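Shared between the two complexes below is chain A, which pairs with chain B and chain C, respectively.
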Partner chain A sequence: MVNWTKITDATRHYLKQVFQSDDLILSYTDSHTPGMMTPVVIRKAEDIDSIILNPICTQNLAVYLSEFFQNDIQTGKPVKGKWYITVKPCDVRSVIQMMADEQILKEHIELIVFDCDGTVTNKNLKELFKSEIRKVDFNDHQAKAETLLNEELTADLSGLYQVKCSDREICSIPAVNEFTFIGERERFEFSGTAKNTAIIQDTLTQEECFEKVSAELSKCIRCNACRNICPACFCSDRCVMDKPKLSVPYITKEITLDQIFQYHLIRFYHVAPNCTACGECERICPQGISLSIFYKYLHRMNKHLFGDESGSSDSDRQKLLSYRFGEDLV
Partner chain B sequence: MDTNRIYKKDMVQVFSALKKLNISVIGQGFDEKQRLVFKKVSSFQELALDEITPLQPVKSFLFPPTEKVFSYAKQDEKYQITPETSPESSEKKVLFGLRPCDVHAIEYLKKFYDGHFPDQPILRYLENTIIIGIACEHPSNACFCTTMDISPISSTGADVFLTPTENFFVIEFLTEKGKSLQSAFSEVLKSSEATDVQWKQNIETETSKKLLEKIEINSIKGQINKAYDKPLWKKYSDVCVACGGCTFDCPTCTCFDMRDVMESKKTGYRYRAWDSCSFASFTLHASGHNPRNTKMDRLRQRIMHKYHYTVTNMQTWSCTGCGRCVRVCPVGINTRSILKDIKEALHE
Partner chain C sequence: MASNELVFLFLCKSLKRKRLIKIIENDFPSIKVIDIPCIGRFNPILAFKMITAGAKGVLLLGCDPGDCHYREGNLISERRIAVAKETLHAFGIQESRLQAIWYNPGKDKQILHDIKKFLLDIASLPVINLKTTQKKEG
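Moving on, here comes the complex of A and B:
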C-alpha cells in the first residue's frame, strides 16, 4: 500500500535538500486535465513544491532525457548540473537502456525511484467511474472522484491497473545503478493484480499471425504518436520516416495497409533490442491499437534469439543493433 | 419555424425512409472492438447518442487521411491526367446527431476549403450531405465550447436540428436541404406542443452545469499575437512530445501534404495525406533550413493559428472547444490552461 501524500512530501523534501542551481528536475505535476498528470521540467528550487506523485503519473519521463541531452550536444553546451528524474520502478529500465545506448551520460543522471502499486490511465478511470469526472484524488488503493455534476464517487483501484502492470518482470529494478528509493517499504516489491493479455503466440501460422496483426494495424492513422513517445526511438527528427524523399522512395506518407505495415515493422525492428516494454505506445495510441502484442513478442524474441535483455545493464552492447555516443545518424 | 416531434420508437421508419431515398447515415456508435467512433449506421440502435463525442472527428469522412488526387500516364510523348473522384463524395448522406461543436467545425471547414482555390472533393462531399445536429447533453470533462462562444444548443450550420427528450426528439427543419427530408419523414412527424421550446432551454441549463468554467477570451481576441515572446510557451513545449495527436484529432485542422508516386517510368499518381504543424518536416525547406525549428515554435504556431491567425484572416476562431486535443494529449497539455496563461500574460 502506498501513501501518496507521504511519497510526494518525501520526494519534495529530498529534492529540496540536494537541488542546486544549474540542476534540472524531471517530475510530474497537475495538468488541469482530470485523470491526467503532466511531466514538468523544474529549473528553480521554488518550483519543487509543484511536484505531485500519484497512480496517474503514467508518462515515462525517460523520453525527455535523450532530447535534452541531444540539445546540449548540438548547441555545444556542456551539461552543467545534475539531472534528477523521478521514475516509477518500471521506467528505470528505460533510463538504464539509454545509458547503455550512450544517449545520456551516467554521471549526469540521478534516479529517484518512487514506490508504486501500479498505474492507472484516464481511460481506466472512465471505466471505473462510468462517468466523466471533474477531479480525482488518490490514497492507497482508493480513488475519490467528483463527477461533472459534483457528485462524489469512491472506488477501489486494484485490478484496474494498466496491462503492463501485470508483468512483474517489468517493474523489478535491475541491480546495476545507484538510485534513491522513496517509499515506506525497505525495497520495492510488486503487489498489484496480474492480468493476462493476448499476445502473439509462437504456435500461430504465418497467415493467422498476419490476420491478427493486420486487424489491429488497419486502424492506424500514422500520426507518429507511438514513435514520439517512445524512449527507445531517440532518432527524433532524423527519423527515416520524416524524410521519405531523401533515400527511401518506397516509404510514402499514404495511410494504406502496406504503408502502415512498413512503418510499424521498421519501427519494431528498430526498437527491438532496446524496447523495455514500458507500454507508452499502447497507452497513447489515439486509435486504441493494442501495440503490446508486438512489444511483448519482440521482447521475448530478443531474449530468446540473442540472450539480450534490454534495460538490465547500463553498459552491455545489444547484439542486434547498438548505438554510440554522439553518433550522427542513429 | 417548423417544429415537430419525432418519437424515438418511430425512428425505425425514419431510417427506412432514408434507405428508400438511398441516403446513407453516418453517426457515432461503437465499432467491433467497442471503441466509440463515427461510422456508417443502418439502424437507430447502432447510434450511441448518450456518449461523449468520439475522439476521431467526423472530418475523416469528408477529408480522408489519404486520398488520391489524380493519376497520370504518358502516351505518345504526351501526359494524360485523370482526376480521381471517390464515389463516396457524390453519394447522398446524412451526418446524424452531430453536436454543435462538430457542426461549427464543418462550417469552418466549408469556409476554409471554399477559399481562393476551392477544394472540389471536399465541397462536393459537403454539397451532398445533410447535417442533422443535436443539442449536447453529454459533454466530456475536457469540453470548453462556451469559451469559444458556442452554446451547447446552438443550431447554426445544421440543416435539421434535434432536441432530445426522454421519449421523443423535437425536430426543426432549418434549411432548404433539411426541408427536403420533411416529406420523407411526414408519416412519423407529430405536431409539437407550445411547451416544446422549453426543452432546449432545459438542456442548456443542465449542460452548462456540467461544463467547465468559461474563460472570457473575447477581451483578448485579435491581440493574442502580443503573447508571442512570453515565456509561457516554454513551459508547455518542454513536455510536448510533438506526436501530432492534437492536430490529427482536431475537427478543424485542415493541413495536408501532397506527394507524387512513380509507379513506372510512364505512370504514377499524386496523393494527399494529412500533415501536422507539430512535425519538424512540416516546414522543412529544401535548403535544409527550417523556419520553425524547435518544438516551441511549432506548439506556438498551432495555438496562434487556432486563436489568432484565423481571427485576423477569417474573422473566426478556428477552435470549437470540443476538447479532443485535451483528451488525446498523452502528456496532459491542456489547451484551456494555455488560453488561461495567455490571458494572464497579456494582462500583466
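Moving on, here comes the complex of A and C:
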C-alpha cells in the first residue's frame, strides 16, 4: 500500500529540512508529456516543491551521477555540498556499484529511497487508456486519467508493472549503505507477485537460442540508446564504438547483422561484471528488443563466477579491473 | 582447406619459437598464427569479431600461471576469457569456440597435441558468418 501524495509530501518535507545552499538534488518532476516523468536537478530551496513521485518514475537516476562527477573533474570546480538522490529500491544497487567502481564519491552522495509497489512504463499506460491523456493521478494501485475529451477513466495498474518488478532479488536493498527511507512502512518489503521468469539459455538448446537471439537483434537500428542509458556503461567519451578513425575499421556503424552482434557482444561483455539488472536498456529500446535475455543471464553469471552480486558492496571494484597478485582466480 | 574454416591462434611472445610456428603452419593449414607480446594483451573484442565474421574458433596459448614475463598478464587474461565465454553463451554461440591453454615454455609436443584436440572439439560446429546473412526486416 503506497499513498503517493503522502510520499511526495514527506520527501519534500525531508529535503527542505536538510537542504543547504551548496547542495544538489536529483529527483523527478512532471514533464510536458502527460503520463511521463522527467528527471530534474534542483539547486535552489524554492524548487523543492516541484518534486513529484509516482509509479511512472521509471528512469534510473544513477546514470546522471557519473556525468556530474566527470564534469567536476573537467571543470576543476567540484560541488561543495551533498548530492541528494531520490531512488526506487531497484536503483539502489546501481548507485552502490558506481561507488564501488569509483565513478562517484561515497562522501558526496546521500540516498533517499522511497517506497514503491512497482513502476509502469509510458507505453503500457498508453495501451491501458487507449486514448490521449491530459492528466493522470495515482493512488495505490489505481490510476485516474483525464482524457482530451474530458472523460474520466480509472484503471487498475497491478497487472501492468514492469517485468523487473516481479523479481524479489532486484527489489531488495543491500544492507551496506546508510539511506533515508520514505514511506508508511518502517522498511521496504517486496510486495509484488513473483512471476516465474525463466532464463532462455537454460530452457532452450543452443541452436534455438541463437535463432531467437538473431531474430531479436535483427530489429536493432544501432541508435546507441541502450549504451547511453546504462549506469554500468560509464566510459562516456572514451567508448570503443565511437572511435572515429581506427586504422583497422573493424567496428563500424553499419546496420548489418554482424555489426549488430558485435555491438551487443562487446557491450554486454563490458558491462557484465557490474550489471545490476536494472532493466533500463530494455525499457529505453525504441525497437522493443527484449535485452533481458542477455542481462539476466550475465547478472546470474556474475554471482556464480565472482561470488558477489554486483551492487552489494560499495568498496569492491568490479572484478575485471581489480586483479591483485596472489588473489584467487575464477 | 577452405578459408571459411579459419582458426586463429594467439601465441604469447615468451612461447614464440620460429620452429614451433613453422610446424603449426605446416601441419594445420587452417590455422592463422598471431603472436602478441603477452596473452594479457589479448582483447576478447577481437575474438567476438573473428567468430561473428566466420572464423571457427580462437585459441590462446599462454604461459603457466606464475611464469608470466609481466608477472600477471595471463592471470588477468584468465578472468577476461571466463567472462567472454559466458557472454558468447548468452548469445547462443558455443563457448568452446574460445579456449585458452597454459604452458611452460619448451613443451612443444604437448602444444601440438592440444591444438589437435581443440580442432576436433570445434570440427562439428557450424560456421557463423553473419556478414553474408541478410538482415530481416523487423
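Of note:
Note that in this section the second predicted complex is superposed on the first by the 306 of 330 C-alpha atoms of A that agree within 3 Å, B and C clash if a C-alpha of one lies under 4 Å from a C-alpha of the other, contacts with A are read in each partner's own complex, and residues count from 1 in each chain.
Everything that follows uses one rule, which is that contacts are C-beta pairs under 8 Å (C-beta built on N, C-alpha and C of every residue); 3 or more make two chains touch, one makes a residue touch a chain.
Predicted model only: the values in this text are computed from it and were never measured.
Contacts of A:Q287 after superposition on the shared chain: both chain B and chain C are touched. In the superposed model, A:D242 lies in contact with chain B only, and not with chain C. In the superposed model, A:R134 makes contact with chain B only, not with chain C. Applying the stated contact rule after C-alpha superposition, one finds that A:C223 touches chain B and leaves chain C untouched.
In the superposition on chain A, A:P39 makes contact with chain B only, not with chain C. In the superposition on chain A, contact of A:T252 is made with chain B only, not with chain C.
When both complexes are overlaid on chain A, the residue A:Y64 reaches chain B alone and has no touch with chain C.
Looking at the shared chain after the overlay, A:F261 reaches chain C, while chain B stays out of its contact range. Within chain A, the residues touched by chain B in the first complex and by chain C in the second are 255-256, 287. For chain A in complex with chain C, the residues that touch the partner chain are 201, 206-215, 218-219, 240, 250-251, 255-258, 260-262, 264-266, 268-269, 272-273, 287, 293-294, 297-298, 301, 305, 319-320, 323, 325, 329-330.
Every residue of chain B that touches chain A in the complex is listed here, in rising order: 33, 35, 52, 55-56, 60, 65-66, 138-142, 209-212, 238-239, 241-245, 248-249, 257, 259, 261-262, 271, 273-276, 279-281, 326-334, 336-337. Partner chain A is touched in their complex by these residues of chain C: 44-45, 48-49, 52-53, 65, 71-72, 75-76, 78-80, 82-84, 86-94, 128-131, 133-136, 138.
Touching chain B in their complex are the following residues of chain A: 31-41, 59, 63-64, 132-134, 148-149, 221-225, 227-229, 237, 242-244, 249, 252-256, 280, 283-284, 286-288.
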